[in-house]
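Starting off with a structure, shown below.
Chain nomenclature is as follows: A, B and C, assigned in order of appearance, with residue numbering initiated at 1 for each chain independently.
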């Protein structure tokens, strides 16, 4: 069905009527969102509005209740069988998931492995790289995030900012097409945020990665993102390019939220 | 007790045994008791190997196995924790032959004690795995690892550290319960002690020696586990945790 | 394989033996509770005494209960005190588990904040009154489940008394087996009795734990 030409025109990620609920609580309601290839999208919104859930669904950390998530032109949460879409089996899930990587708010580094160990573990066990190849790749990435000299350090011996940069290198080592960042600076002391954001900036300019990031740093969102989505109670309330949206938000809720955030800074 | 106090006790116990080995009242008992201690040690070591194996298998089956396997593992753990070690040994020794399966006493000892301690160990392993924060699992999903890869490379190595102290206690329990095998005709340390006691009625010297020998073995286990724990914790560099 | 008639015929005798087992458990544990508290207090009473008591506890916990039972049973007569098997066995059980209980008490006592002692001094309460009315009532409830676990553990070790011919469950079953050459029914029944009692007491401890948690959460 898909010609090669089609594929490049399709969005990198598509949420197609995705619904997620915990029991009676509907966290995301009929979400429709397309993200283009190489696009950088910032997700903002008040706490509990479902931002993290969007990323976790895309990382297959949460099951969805309705709708389909597409990645790189093929369904991820579902697979085609006899011309119909049926829920994906683990094999399909794993194959498509390989295109997505994620960086967590609390780093989630493996504490029993060094920085280098963290970065070569999955390339060796999952991608089947040789140890030498994996180490070369990891060294390059640790260099990219400015930690070439911390290879042999354990996570507990690194500052929060350094740990988060290792986590970014670790995710990149799997060569994902889509990177998800969930409030990656929220757990850091303010003076350490800069070094992490700097790395993300560099990634944005040097790589054709598609990026989705949940952030509370409006300044960074404004300067970095191609598009900003404002979530409110499980729905996209307003979206647009950052200059317009921050300068003149159309929705009353957006206005309120932006005012509250700006005041607190 | 601290590592130094334990080591001091171990040293004192070893010295005491050595002195007794050359003293008049005690010397005649030492060779026989040492032979018994050797059998005790063999049963304890093999029992430990079986216990750890069973514990890991049962814990994994309970956590991730398909339903029938989960039930089987649950039953194993409940039955072996719920009845007493001596009942299990006697059952294997006296009842199993009626079902056409006669095992050597040595096999009964290793299997019985190994299965018994393994059931307690299963809870230790399960608890340690469940104690790993969800974020670690989530990271393995984000890195596209399979569940088995995640367990083997990420979860179990971390759970291992938390398991060391409780396993130390279980190994001691196992060593102590080897004394029960004297009741199914095996010539272990406890058996020899009782035999000598019956023939010579020199209760105090015999049992003093025997208690000291058990103490030495227990302390050796405790000290080894403490050292292991120290090393493993250092590997995690916990001390400088952010 | 399994003879129901025989199984039923031995049940009354096993029931009677179960009473002995329960008796041994009850008295042994009571002894353990008292000894444990004494050991815990001695241990906290000063550095030198503390070390000696710690070493004693370590020693008793590091050596098999079975040997300790034999030791008490055979040693007392050489001092001119003749203990019957039941008494010697129960003392050994109480002593052994008293050492485990001592650790539990210590944890409970150390968990009571220092401020409680200081407040009592400020109120001019005596040491004994402080301990009895202020410290213990706070230290005990949180450790009840841990003590309960040792009660169950002690119960499961009572079959060791069969080694000095106390007529508890195991010894009774063994004698039945050697009389009739049928071990299957008595041994299996003993196993089932133990399993049932353990399951019931484990459920009891969980219930107690929940109740205590609720109370302390309030």
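To be clear about the criterion, contacts are C-beta pairs under 8 Å (C-beta built on N, C-alpha and C of every residue); 3 or more make two chains touch, one makes a residue touch a chain.
These numbers come from a predicted model, not from an experiment.
Colleague: Could you draw the chains as nodes, link the ones that touch, and say if you get a line, ring, star, complete or other?
Modeller: line
Colleague: Centre to centre, using CA atoms, which chain is the farthest one from chain A?
Modeller: The chain farthest from chain A, judged by C-alpha centres, is C.
Colleague: Could you tell me which chain's Cα centre is nearest to the average position of every protein Cα atom shown?
Modeller: B
Colleague: Counting only C-beta pairs in contact, which pair of chains has the most of them?
Modeller: Per chain pair, the contact count peaks at B-C.
Colleague: With chain centres taken as the means of their Cα atoms, state the distance from chain B to chain C in Å.
Modeller: 21
Colleague: Can you check how far apart chain A and chain C are, centre to centre, with Cα atoms defining each centre and the answer in Å?
Modeller: Their C-alpha centroids are separated by 56 Å.
Colleague: Using Cα averages as centroids, what's the distance between chain A and chain B in whole Å?
Modeller: That gives a centre separation of 47 Å.
Colleague: Any chance you could list the residues of chain B touching two or more other chains?
Modeller: none
Colleague: Can you check the complex and tell me which residues of chain B touch chain A?
Modeller: The contact residues of chain B facing chain A are 135-136, 138-146, 149, 153-154, 157-158, 161, 235-242.
Colleague: Give every residue of chain A touching chain B within the complex, in rising order.
Modeller: So the residues of chain A touching chain B come out as 59-61, 94, 97-98, 100-102, 104, 106, 108-112, 121-122, 125-126, 154-160, 163, 170-171, 174.
Colleague: For the complex, which residues does chain C have touching chain B?
Modeller: 1, 51, 54-55, 58-59, 61-68, 70-71, 74-75, 78, 156-160, 162-163, 170, 173-174, 177, 182-184, 187-188, 190-191, 194-195, 198-199, 202
Colleague: Which stretch or stretches of chain B touch chain C in the complex?
Modeller: Going by the criterion above, the answer is residues 1, 5-6, 9, 78-79, 81-88, 90-91, 94-95, 98-99, 172, 176-180, 182-183, 190, 193-194, 197, 203-204, 207, 210-211, 214-215, 218-219, 222.
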